[in-house]
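As written, the chain order gives the labels A, B, C, D, E and F, with residue 1 at the start of each chain.
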Amino acid sequence: MIVTARLTFSAAHRLNNPNRDAEWNRRTYDKCDNPAGHGHNYVITVSVRGKIDPETGMVIDLKVLKDIVRTRVIDRVDHRNLNEDVDFLRGVIPTAENLARSFWQELAPAIEQGSLHEVALQETEKNSVVYRGEDEA
Amino acid sequence: MIVTARLTFSAAHRLNNPNRDAEWNRRTYDKCDNPAGHGHNYVITVSVRGKIDPETGMVIDLKVLKDIVRTRVIDRVDHRNLNEDVDFLRGVIPTAENLARSFWQELAPAIEQGSLHEVALQETEKNSVVYRGEDEA
Amino acid sequence: MIVTARLTFSAAHRLNNPNRDAEWNRRTYDKCDNPAGHGHNYVITVSVRGKIDPETGMVIDLKVLKDIVRTRVIDRVDHRNLNEDVDFLRGVIPTAENLARSFWQELAPAIEQGSLHEVALQETEKNSVVYRGEDEA
Amino acid sequence: MIVTARLTFSAAHRLNNPNRDAEWNRRTYDKCDNPAGHGHNYVITVSVRGKIDPETGMVIDLKVLKDIVRTRVIDRVDHRNLNEDVDFLRGVIPTAENLARSFWQELAPAIEQGSLHEVALQETEKNSVVYRGEDEA
Amino acid sequence: MIVTARLTFSAAHRLNNPNRDAEWNRRTYDKCDNPAGHGHNYVITVSVRGKIDPETGMVIDLKVLKDIVRTRVIDRVDHRNLNEDVDFLRGVIPTAENLARSFWQELAPAIEQGSLHEVALQETEKNSVVYRGEDEA
Amino acid sequence: MIVTARLTFSAAHRLNNPNRDAEWNRRTYDKCDNPAGHGHNYVITVSVRGKIDPETGMVIDLKVLKDIVRTRVIDRVDHRNLNEDVDFLRGVIPTAENLARSFWQELAPAIEQGSLHEVALQETEKNSVVYRGEDEA
């Protein structure tokens, strides 16, 4: 059984690899490399897999799950600049892929009922990623 | 190949475990334990997995699948109180997790082309569950 | 200029006019008259019309508007039974139309920047109403 | 008859009135005043009102309308910082209200079939504004 | 008070004015003039304006309204070719504008509680029209 | 890590197996067998699975992925009749299942970073399919 919570946050970011030159960055990231940044309304969905507790009928209380996501992720990234303001994103190019993996790392240790199954991140109506901890073993 | 039908229903429910005291229920379910109940527009998506029949080009006729979901689930829960009005939910705490598993049990035997792959239930824009029959073997 | 805030709540209700007999109620409300009730995820959108304050660039701070809607409406109806639990709905048949008008009456006096323009209430994906205070003069 | 085109763009912004002190800005804009900015996926819907041309069956060709919106607005704000990168927003606090009015001013002169009826701007799922040129006479 | 019902249908169409030559049609309708047609999932929302009946709490029973829309419009256009299969669209270029006006003409006489306020037709996520009977007086 | 691009197209189609008689087709496809066709706004979501390139922070550039989907699929099916106008669908009954499999076959060889993970196709709000290349080994 998988339970999923959906939350949103709004943030600015710029895609740029400081170890490569301007020409490489422009070619790789195009308008996402705009020096003054741009931004998104991100949708994050966090899924926990586990057995139904017969006493509560729940895998994990979704209020508890949402509180974890809010404390560990939303409160630290919402209305922030992902390149400059977020401690756990220092040195991370804030692509959707890297964000999903970083969010997974923040969330996984905090889930105490069931286990983290998936972090999905929608950057726009057209672009999204799904991460299931594949390289975390 | 997986084919999915999306249907909706509206129902009232209250989360309460009658074997536990009021204090436990309030702490566990908070406002979901309101004695006079509350309600939701549920979205149920039912997925069937199978091979494409080369003659029809379909795994299962989605009209047939939707008729099964309507007869076995929607007609029995729509505009009902899930704690009081539904025979197959007697004694079940109507959390999204328990509902999804109960719906699975109603639906699985009725699928004759392909096999039931997943029952997903969205309770609100923010809360949803997915069940794939994990404990049914 | 019109600014709009969107909020949601989940509630149970039953459509029934106690001054009419069972046959009339069944004919009029059909399955919405289920004695044990049913429920919905309501979407309420509240619009305020006014001029842009040149100093803030806002008609009304949407955080302020949402706090008003939360205090005056959401906190009193969310996870409640609209027939039994809500003081300002005593004696009101909780159709979407009546709810929108009642919400308007709760909200209009509290808007201090601009004036209440519209209360829209979506009961399901298929059913919604819009109220602009037409009979309130 | 009103025809409406829906387009999207992603941008960073910061709400801050440089004529007021830090304390006023923090109190007024709260987390929207984050110095390094934040951002949104904006949804802009542009409506034109006019008569149906009997020869084409259209008020205005929606391809033409969308090209106007793209050239006059989207290409200048998408993947930009609204405080720093956009000529027609110099000196404008980029609230949704001010953006909608500025977009109206860019768009209105370019509509040659029918006339601009409404610019709606959705900043998040919860916040939106509608502008109909009220103070432009 | 305005009440609104949302329904959907799926249809094929081709935009082509038979009184004009191929070159004009290609220039005017571009790929919408594809000879073998294309199609859409249309969303039709029908709004009725009226007073709340104090006995029922409703302007018009939404079940009644939806039955009218189904009988007068949906059943005649759903899974049809709008150029060839629909009697009341003979000789009409099936643009969204013309469809909305034709649907209005089919619906307005059938509304007996309140009066038809608006027919909105969404052709795609990006294109929609609204008609309020402007030229019908 | 899975990255997903969402695109849309509008097309006409008719479900009909020319090797079976009219009675079989009517019984099997019902109103989907309308001789003059009907149509849909299809939503196609294409997912690629792979490792994050540490230099770019991306599995595959979503602009590149969308260009592939546009060139290989959208440009050939958008505003077309799927029974008559599309070379790679010759002889294919254009059910959602067959379309998803055909789109997979067009797309899989073109993905050079990561590998094609899933093609999902939504035909209406209620009907969708998911294909993961199951029978392609």
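Brief remarks on what is shown
FYI, a residue touches a chain if its C-beta (ideal position, glycine included) is under 8 Å from a C-beta of that chain, and two chains touch if they have at least 3 such contacts.
These figures come from a predicted structure and were not determined experimentally.
The chain with its Cα centre farthest from the Cα centre of chain F is C. Note on D-E: across the candidates A-D, B-F or B-C, the interface recurring with over half of the contact pairs conserved by residue number is B-F. Seen from the C-alpha centroid of chain B, the farthest chain centroid is that of D. Rounded to whole angstrom units, the spacing between the C-alpha centres of chain A and chain B is 29. Averaged C-alpha coordinates give centres for chain C and chain F that are 42 Å from one another. Chain A and chain C have CA centres that are 34 Å apart. Touching of two or more other chains is recorded for residues 125 of chain F. Chain pairs that touch one another: A-B, A-D, A-F, B-C, B-F, C-D, C-E, D-E, E-F. Within the complex formed with chain E, the chain C residues making contact are 15, 17, 19-20, 28, 30, 92-98, 100-101, 125-131, 134-135. On the side of chain A, the complex with chain B involves touching residues 1-7, 47, 51-52, 55-59, 61-63, 66.
On chain C, the positions that touch chain B within their shared complex are 8, 10-13, 31-32, 34, 36-41, 78-81, 83-85, 124-125.
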